[in-house]
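Some structures are shown below for you to check.
Each of the two complexes below includes subunit A, the first together with subunit B, the second together with subunit C.
So, the complex of A and B:
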């Protein structure tokens, strides 16, 4: 029996853009406004899972040829690596710093090294969640 | 970032590089790379010798977790420099040797990666000033030793040996950690230097003796002292370069290092003297006695290492008497025992390293190291024979080799110590030189066996797999460098003494004024009538006598039946504890989720509910109904209806949807209470877990109600009600609780401290970044766990473990 899911597929095509954009926005806004690596990662992961649910696993994996286990591993490396970076500057492990930078066109921006750490968190969340869901769904 | 700290990090960095970039490094060059790394480190460390021998101490502190006082402090003084030189020096020789020893078809990347890990960890042990950091490196040496012993993990004996060494050394490490924590409790500091300064204060505490015993347990397990030595012979399953490096020259000497390092702290306690000297002497005797009966050359060398470690240990114990007596011109003589200890430590590394490499050559070229199959190899392998001869004569304590010098000093120390009238030495003091002498007789016997049975006698070519022939040059370089040192140290011992041993003495006896008077000039000749010379001569005579009658007295080794031996005790202990814990675990791990929830809820009830009852802190005032919003009221009704509905739902799908309703309503509550972070997280988590539920759905059986016994149902009902009541109480009480400040006050100045205005995120990413990092790791491991569990199950359970 084939389920008629034209509506779902069409809606998802539009909605997925919004979800992924929201995920990226949440990730970057995290330092001053609600959001952050964990939530950003969760939203992105839920978007990807939505794609997997709507289309099938093969189609999506063709378009997104990542090994999500490796994505998670990369995340852990980044998170730990930013901590080690602090040691290079003779500061305690996991020390972070921030500063204001002037850019052409977009003006004054507040950048912090926490964002790198949060990127690690986000990647781990995405990688782990998708790995879990995929491996459970592939289980016969 | 100065260079001093980098010495410890370099091996780790290279280990990481190898593990990531191994595709780009040819197997031909990987061994050379590792050899070069350790050689460069060795050369760099030698440049510190002039500064250290002038009494300078180089420290470098990197704050790691400053809030807990855990700093990464490298502390380079005489003792650590001596050990670092040993680690990197022997490391480069072993690296060179292993290039020719290991075949190119082995997993060389793993091997050299583990070897570098070990080198870094070992350097960390000897260079750390912080005891917790030291402990971390200490366990890391155990882990890398485990990996290296199990390098040929297709062999059952390798895995068993690795497990045994891991269990024993890690158990000792944990007791050492307990001892360290007691030291911290007594002294209030984690720095070894500061602990030594407060030695007098620590002495008063009731924890002093327990801490002493626990720290010694760590040292004894690591340095293979009786009765913990049993792991060392089994560790010989490792490739021979590993045995030469870890299990004779460096790792087993970590225990010696620990004892030497803590001598200034504990040395003024009689228990220290008796434990270190007594255990050391007995190990010396027991190791040499048992070495004689071995038929595997490597096992014989393992027991000989055990025995020699006992010798060094007992010397350190005797040296501590000087601290017990306090500093005066008469007591300085006892410090010479400690001097002999570190001198013999270096000598032992040279001759035992050479001997292990010699056995490795035999194993490599002949395919066996069984004494029953060897013999008459002198004509086939003259160069290897030279290594064995010089190594064994040095080990037996004969001139003109370095073992003679330190063995003489050892005899002299045992004779000095028996003259003391303190520590009840006047009654049993005579035993010390006696045991030492008997042990050296046995040492002489097994040295004769190693040389005699392997290189003299008849050739048994029919028992050998390969035709005997000399080893390639590459395998001979390292042992030859070592035996040149063996001879060189005999002729120029005071060069080593002046630059390496004297500064090390200053670290063992920091309270003694000058290192100059502590360090004797080493003489080879003490006069014809010196007692230590006659002890050596008598040991040689007795040794030759026993060797020639070996067959007639070998039966004594069969007196002790196997089931009473330490190995049998250990194995039975492991089996017994495994079955006991299996039975205990099966009791409560029922595999039923309901039972697990019962444990969790009961624990929660006991802690939280118990606190409410015991602390009498529950207080609440009824909420004014007018402040209740309509929206909130609707949400409350939805939550109530859905949660009661779950109880009566018949199918799983209803339950899943009702739970989702519950979760989304809670998310709405978060929005109402203006917590957008929480609301977002809750919404996403709720969605993802609904998907997860739906995926798992087809695997789950139908819900069966009423299959449990009435009693269990009643019990679960009571627990659920109590749980609900407690949570409600906690929620109500939280509104009025005033014992603590609310958390948000701690983080008011988050923008100043962490540069972020979102408090939640500054907590996650900055204030508690360490927690977050570990949580990320845990999440990752959980994900991998789910993945492997499902994939392994797909391949048919745990059957494909190997």
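So, the complex of A and C:
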């Protein structure tokens, strides 16, 4: 049975961009302001779940052919990997560093390794959350 | 820099994650899981030697000095526990290879085992009480999955109870932490210990410690063990053995750590209650073990008895008794794993769980039968096997402290353990065999190898008690003098004027 939900579909097409942008913004703002991998990941995951709710699972899975369990695992892999990186440089586990780099055209940028760790956290959150919702929806 | 301390946590997590990507390749999964636990065992052995040479080691994550950052601390006690946990997991994995089945293997079984071990090792090594909560949760999350994996009706029923009781316990744990943080304004264990001894352990702090006592009792199966015999007997044998060897022991570890390091100042309240709990646990556990005729239930009640017995040592808290507790804890992790694997193998071979329906197993499987006999002797505490030294030391400590009631209960429980295990031995191993040669299932080779290795470990712990006692004494020195622990953690941050 298909519900006639033109309004929902149309609104979601616009809103999803805003949600995903907000998620990415929150992710990057986390370094100095409220935000970060966990919160950014939650917002991104809620965007993806909204897509699943609006369209059906098959359509979205055709467009996003990821196994979200593996996304979560990849997240933990990256986050734990940054900790191991510190061990490789003989610093205490989970030490992070940062630096200013000059790029052509965009100029001086402040890059940190914490961002990598946070990316891992974000992927873990997205993967776990979407897996949970999908497994609940399969349970019929 | 002591990055080696974090390896027992990070290696299992890392391999667990890698295994998720290798879902279809069971053989590779086995290899990686086994190799990583072997690596952790070797590392913990190296770490044990390092701690004995250099004293307590610590690792401040990300270079944040205590009490501000979280940290891992390796003293002899925690590293001994990590060592036992890693060895037990290694052999339980070996047992699982031939018995667990494809269905479990393709549902991330090895990943969850490794994550659980990571949680267990983290709980042993952490020096921050909130981090202890987190590691408990990591361990419990993985164990929820392992209880329910397989999806049989009885598993789902018991896992629901198991999850509920642990969620309640964890929330109470969190509330206790909030009280603690509100009172002493720190979560670093050494810092808590320092502040508690500075302000004196006033009634509020004693109350907080009692809330923690209840929480850890629930986890350890001390008095509040009503959930344990039900939920520990439903998963496959390898998982049962892991649970029996590791999960309750983490609770026992947390109790010992809390009441030797952080709240040792009012023994007339806290340790008296611990003593009552220990005695009560032994009595109730014995009743359970005597009344049951289900092999799995008998083994599960034996866990309860040993938890009570170990905590006698904490309740009387002389150095000898604490040494006995640490030694017995180490022994019990290995011996309980062996017992559960043996009992699981009996169920696998006969398809029965009640002792009345099994008979004459020793005629079909002589080596298997004698391994059971060996495990029984070790659990009862017959020299030269591993249980003996621990029991003697706890008994000696109880005499020193004049706790004759606990002494009596402890040694009476040994008789009950003997009786309950002998009941299985006489009715299931001796007697007329009911398995004909045609029906006889072959013993899986890998499982047999793991049983034999664990039995060798038990004999080794018994024979090498002298060497092991050196480490145990070192552990007890720290437990009996919390100032050693506190100084090791906080001294260098003081010198920098933090």
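Here are a few things to note about the model shown:
Everything below uses one rule, namely that the second predicted complex is superposed on the first by the 138 of 140 C-alpha atoms of A that agree within 3 Å, B and C clash if a C-alpha of one lies under 4 Å from a C-alpha of the other, contacts with A are read in each partner's own complex, and residues count from 1 in each chain.
Just so it is clear, contacts are C-beta pairs under 8 Å (C-beta built on N, C-alpha and C of every residue); 3 or more make two chains touch, one makes a residue touch a chain.
Since the model is a prediction, treat every value here as computed from it, not as a measurement.
Looking at the shared chain after the overlay, A:46 reaches subunit B, while subunit C stays out of its contact range. Contacts of A:58 after superposition on the shared chain: neither subunit B nor subunit C is touched. Of the two partners subunit B and subunit C, more subunit A residues are in touch with B. Shared-chain residue A:76: touches subunit B and subunit C both. By the touch criterion defined above, A:84 reaches subunit C but does not reach subunit B.
Once chain A of one complex is fitted onto chain A of the other, the partner contacts of A:120 are limited to subunit B, with no touch recorded for subunit C. On subunit A, the surface touched by subunit B in one complex and the surface touched by subunit C in the other have residues 69, 73, 76, 80, 83, 87, 90-94, 96 in common. On the subunit A side of its complex with subunit C, the touching residues are 69-70, 73, 76-77, 80-81, 83-84, 86-87, 90-96.
By the touch criterion stated above, subunit A contacts subunit B in their complex at residues 26, 30-39, 42-43, 45-46, 49, 53, 69, 72-73, 75-76, 79-80, 83, 87-88, 90-94, 96-98, 110, 112, 114, 117-118, 120-121, 124-125, 127-129, 131-133, 135-140. Across the interface of their complex, subunit A is touched by residues 1, 62-66, 676-677, 680-681, 684-685, 687-688, 691-692, 695-696, 699, 754-758, 760-762, 764-766, 769-770, 772-773, 776-777, 779-780, 782-784, 786-787, 790-791, 793-794 of subunit B. Put simply, subunit C touches subunit A in their complex at residues 1, 3, 6, 10, 13-14, 17-18, 20-21, 59-63.
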